[in-house]
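When the chains are written out, they are named A, B, C and D in that same order, and each has its own residue count from 1.
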Amino acid sequence: MPLQNRFEALDLAGEVGEDVVESPPMRSHRKRQLAPRFQTTSDKKEIRVIIVGDFLLGGTEGPICKLDPHHRELCSLPGAQIRDITPQPRALNRLLPTADLPDSSMTPRKKLQGLVAATITPMTPDGQVNLLVIRQYVDYLVSKQNVKSVFVNGTTGEGLSLSIQERKRLAEEWVCQGKDKLDHVIIQVGALSLPESQELARHAAAIGASGIAVIAPFFFKPTNKDELIAFLEKVASEAPAVPFYYYHIPPLTGVKIRIEELLDGIKERIPSFQGVKFSSTDLLDLAQCINKNKREQFEFLYGVDEQLLSALAIGADGAVGSTYNYLGGKTNLMLQAFAKPDLALARKYQFLTGEFLNFVIKLGTVVSS
Amino acid sequence: MPLQNRFEALDLAGEVGEDVVESPPMRSHRKRQLAPRFQTTSDKKEIRVIIVGDFLLGGTEGPICKLDPHHRELCSLPGAQIRDITPQPRALNRLLPTADLPDSSMTPRKKLQGLVAATITPMTPDGQVNLLVIRQYVDYLVSKQNVKSVFVNGTTGEGLSLSIQERKRLAEEWVCQGKDKLDHVIIQVGALSLPESQELARHAAAIGASGIAVIAPFFFKPTNKDELIAFLEKVASEAPAVPFYYYHIPPLTGVKIRIEELLDGIKERIPSFQGVKFSSTDLLDLAQCINKNKREQFEFLYGVDEQLLSALAIGADGAVGSTYNYLGGKTNLMLQAFAKPDLALARKYQFLTGEFLNFVIKLGTVVSS
Amino acid sequence: MPLQNRFEALDLAGEVGEDVVESPPMRSHRKRQLAPRFQTTSDKKEIRVIIVGDFLLGGTEGPICKLDPHHRELCSLPGAQIRDITPQPRALNRLLPTADLPDSSMTPRKKLQGLVAATITPMTPDGQVNLLVIRQYVDYLVSKQNVKSVFVNGTTGEGLSLSIQERKRLAEEWVCQGKDKLDHVIIQVGALSLPESQELARHAAAIGASGIAVIAPFFFKPTNKDELIAFLEKVASEAPAVPFYYYHIPPLTGVKIRIEELLDGIKERIPSFQGVKFSSTDLLDLAQCINKNKREQFEFLYGVDEQLLSALAIGADGAVGSTYNYLGGKTNLMLQAFAKPDLALARKYQFLTGEFLNFVIKLGTVVSS
Amino acid sequence: MPLQNRFEALDLAGEVGEDVVESPPMRSHRKRQLAPRFQTTSDKKEIRVIIVGDFLLGGTEGPICKLDPHHRELCSLPGAQIRDITPQPRALNRLLPTADLPDSSMTPRKKLQGLVAATITPMTPDGQVNLLVIRQYVDYLVSKQNVKSVFVNGTTGEGLSLSIQERKRLAEEWVCQGKDKLDHVIIQVGALSLPESQELARHAAAIGASGIAVIAPFFFKPTNKDELIAFLEKVASEAPAVPFYYYHIPPLTGVKIRIEELLDGIKERIPSFQGVKFSSTDLLDLAQCINKNKREQFEFLYGVDEQLLSALAIGADGAVGSTYNYLGGKTNLMLQAFAKPDLALARKYQFLTGEFLNFVIKLGTVVSS
């Protein structure tokens, strides 16, 4: 069975063991002909991989892992036991009292670097956001993938397709469950509506998020730096104590303002500015940003997973991406190899990731097994 | 002064007289260097023109009349007396009791044809939606432009940049003020979030809108007919008794699914399907749609204002556009000339409109004087 | 057999009779699974249709009738009897003595209007340009399609994929065979290399072409009017007595400079400037061109066949396109209906053409039977 | 004077000294307001820099160093003394006898790696190709930039805008002058016309070129691997003993077929296949190509100069680009730093190059002083 072999080829000296899920298999609530369940020949255990896609895989702008967000029933979390969830009361959907929240402005801030998982949004079979599995999700990322930071309500998480209420509840749950376990919980609060984006920023501050990120408006697109800054500034000023990240993803937004230009003088406009999620293949822009802003200590997190090694070569601090949900362990090994530096070994890991993504690209859909 | 001359050139035998506003000039709440106030030499009266742009003028995909929606303070209505408005209580923001509403399903439906104004969204100086001027707006359209149908919360109205609450209030006000004055009040209820779009559809039905229109999702874009229909169907089914229009505007959404293909069998999926706002230059597609769907009596309203005559030639029923806010009178004359048919005269009107739009395109901004 | 029915549906009261070829069927030199030979049920005669495509059909920029020009063996002329051709000496490939040629500058020039066929380039089975069938081709166009003008070496004719020598020979043969039969023979002389384009322009003048047309350079693209004019001017000045046409086809060249802007003052730069082959869907641009240049009497020939009726509505003089090779007769009937004006009838013809093109678009390849 | 400072900032420990030209300044045959002549403050000597651009600088698809090829008078070679050249007979324009040429198939082939200069095409003031300066050009590249391989008639060299004869003469001159001085002379023989491309391939073989490269046809674009291979194969087979390179530059050609897919089985179709000039930012594609084709020992030369370090990180063999004409020395230092590996130092060089290119991008034109 070719799928099996392709997948096993990805297994570099057996380290994929952490992907094995021994718990009872998830009772999938829907059938999908393109998402076969398969086993490795070696251990006969089921391996579950969820590809959510950053919609940038392969350098194409189109979605390659079609999430079909309009059906709102596609995503499921590794290990989620949906059977138990449905009858439960959805009591979690409350606004957390601010008093209980960690005060992010007090503790010395840890630099955001390494891997950040762009989280998927789990759904119940009836199309509701499934908050009950976030706790499990946190534990899985930390223990199985060694990933301790998350980026919530971004592209992978389909944040733009959720309602404001859904986004708030998800943010609350991640902040709450990530307490003492995660290093950073970044909430993507960008929206087409400025007042809604501001509302989400205030909310993220209130619940104690480690940072907020804002995607550029993409219906009426800003066409120059000033227009873009004007929007970002109005959102950032609603959460002045929360580190602010610009979420740069031109293939999806069509907003191509260069980051090097954007950063010039940005601290005067947005004092809380902290860095960029850089999901573009313009590495000249990234390199110049890194070089010019050393004094500012901005954080540059690369968002095109399959090119991460190339971004590291020019000095990226880390990465935000969907693949770190399930390839976080392997990518951490690549980061270690790069740090030595052992470029040949790092390249092997990058090749494996690329091979896997190529496989997924050809499959053209969600792999779930 | 060249601006003056260009504008006067548009005046075909003096019919622009209806644009003259004799009331005290609007106290503009902001300065804009590119929006000069100018007078005609003939009568020394101030002429006020608001160009809101369909973002399709000139066949380019980029906005030519930059609305800068992020500032939320740009648009102002012809004749709005902003001075009076600010102190007033915003008591209008209530949900209208359904009992008072016209029952659209009972009265014999009037065909949607002729001109439909894509309404702008008036704002107060402090960035709130200005509901108080909608009544005036309705009267102006009917009496000055002879336009009796409106398309609310679309691209021109910046619907996608408003919050759900703002969209609801605007819809309510248009339906309420349009009662007994307007023939059709179509509410654009499309949104990136399916539940929000459904909520808006239910709301539009509850307040008695004549129709709803839905733009295709444009962040995660549907890539084939089935995906698009699946989304539209879920919205339409929330307002099953309200005529449904698909809002086709590929230059802004990037969704290029051909309408001819979309319409094939659509009544089985969306029984309330009634027509298309067709904002594309693919006139082959439009012609085939019109030809094939005669039996269905769908309504095809063209949305590229400067090419309307070309769309009429192949059988379009009417037009939805921003220019009908201020060039409705002239365009109605074009429709009459076309109906005779006096193509040479119709062409003259289309040329004038084109000349005017070209002028605006070169200006590249909102003209407000 | 559905193909049959679809084709017959195009037959409006039997006028397609002129497409029936009674001569022995062409022995196709290659097999093509997607190019089925079919018969009408009514008369059991073979009908031969060659779709060459303007690569604009359907409003898409991609080729829909894949010509596969790299194989150089695809096109064949209606009625060509290839069996007879191969053994013949290729004696025609000589430069015609200038003395024999019609002196285009002496006779009063006939306005270029109505239909112009964008000719295909016939090839022999071994990949040579088949000059021997041009005579037949001329007779076919005149007698069967009532088309008396041609546009040679354009997109349809794959001029850019031919060598300079091949282009010259084709031009010679069309001018020679068209003498006393055709009204206008326009030679497309644009090339990526300026010296080669100039050479082709001098050659076209020497052989007595009625006009030359030049496509914009499309590798290094001119980005403003001045750059474009500079190139066109240098070509035109090599053939100063020959009417000059700009070949505007932005979907293929990527050169989007508006024609309205281009024409402003063009006579001072290019005294021989005569008109535009306008293959764009920007009808605002076309309308303004027509309106503003009445005094100049420029000729505007529309090049998006399936939208011709819409271009006529705003005043186009005629059309250049590939479909007039085989739908010239029908399109002439549309022109007549439009002239009355009987728009309803004209629309029927446009619908038929559209239906036929849609059929071909779905087939996605050359139809040859 | 800011320009000065920006340029000096590029001077890392004085190594740009080799760019200083002490000979009498070139008498420029045209004025250009955007190409200021400037001096460094340090030595008051004139520095001459020619930016020719790969039209990919900055990751944009548009030309940033506008060559205005239609004027055919822009480029001039560093050190060219145009005064002396004009009156000279153009006796060099002969076809070199094959007997004199190096037999590339006999000597053991040196791997193509490191830096390859994409040569510009020098012109005389009257628009002729200036063959007389090629000898100087070769010496300059070898002695001043330590660059020993060239890529002739590519994008930088405006090969597609030259006539076939001009391309042949240039190729001859480079092969002739490069004998015993250069390691590799690669001739780009791609053309829109297949017969012309084949003719250029035969010619390149006859004169003893080290390799030929072929760009994808970009007017009628191949849309899948088979179409592309079919074209390449027909060119390659005309020069079966000459190493063949595919010139992949999707931003200019619009041909986006992935190289990984193209290479699969390519040796069976094109036995002389040797490698790829890879001018794309799809580093996933590049990485997979490198990884999968180790056994084949294909050569991968990266063509986006400002991202070279990122391509080296994933295993590129070298680079072909326009900047190596004048930044070859510096880029060689980057290659050395990368080989150690001293990534921090390599990054410094890449930053300098990026800074310089950014400067040029903002200037938006040819810098010549």
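Here is the rule we go by: a contact is a pair of C-beta atoms (placed from the backbone, for glycine too) under 8 Å apart; a residue touches a chain by one contact, two chains touch by 3 or more.
As the structure is a prediction and not an experimental result, all values here were calculated from the model.
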Work out which chains are contact partners of both subunit C and subunit D.
none
How many angstrom lie between the CA centroids of subunit B and subunit D, rounded to a whole number?
53
Which integer distance in Å separates the CA centroid of subunit A from that of subunit B?
38
Centroid spacing, where centroids are CA-atom means, of subunit B and subunit C in whole angstrom:
39
Quick check on subunit B: which residues sit in contact with 2+ other chains?
none
Answer with line, ring, star, complete or other to describe the graph linking chains that touch.
ring
The chain pairs that touch are A-B, A-D, B-C, C-D
Using the touch definition up top, name the residues of subunit D that touch subunit A in the complex.
57-59, 260, 281-285, 287-288, 291, 306-307, 309-315, 341, 343, 346-347, 350-351, 354-355, 357-358
Residue numbers of subunit A touching subunit B in their complex, please.
55, 62-63, 66-72, 158, 160-164, 166, 192-196, 217-223, 227, 230-231, 234, 252
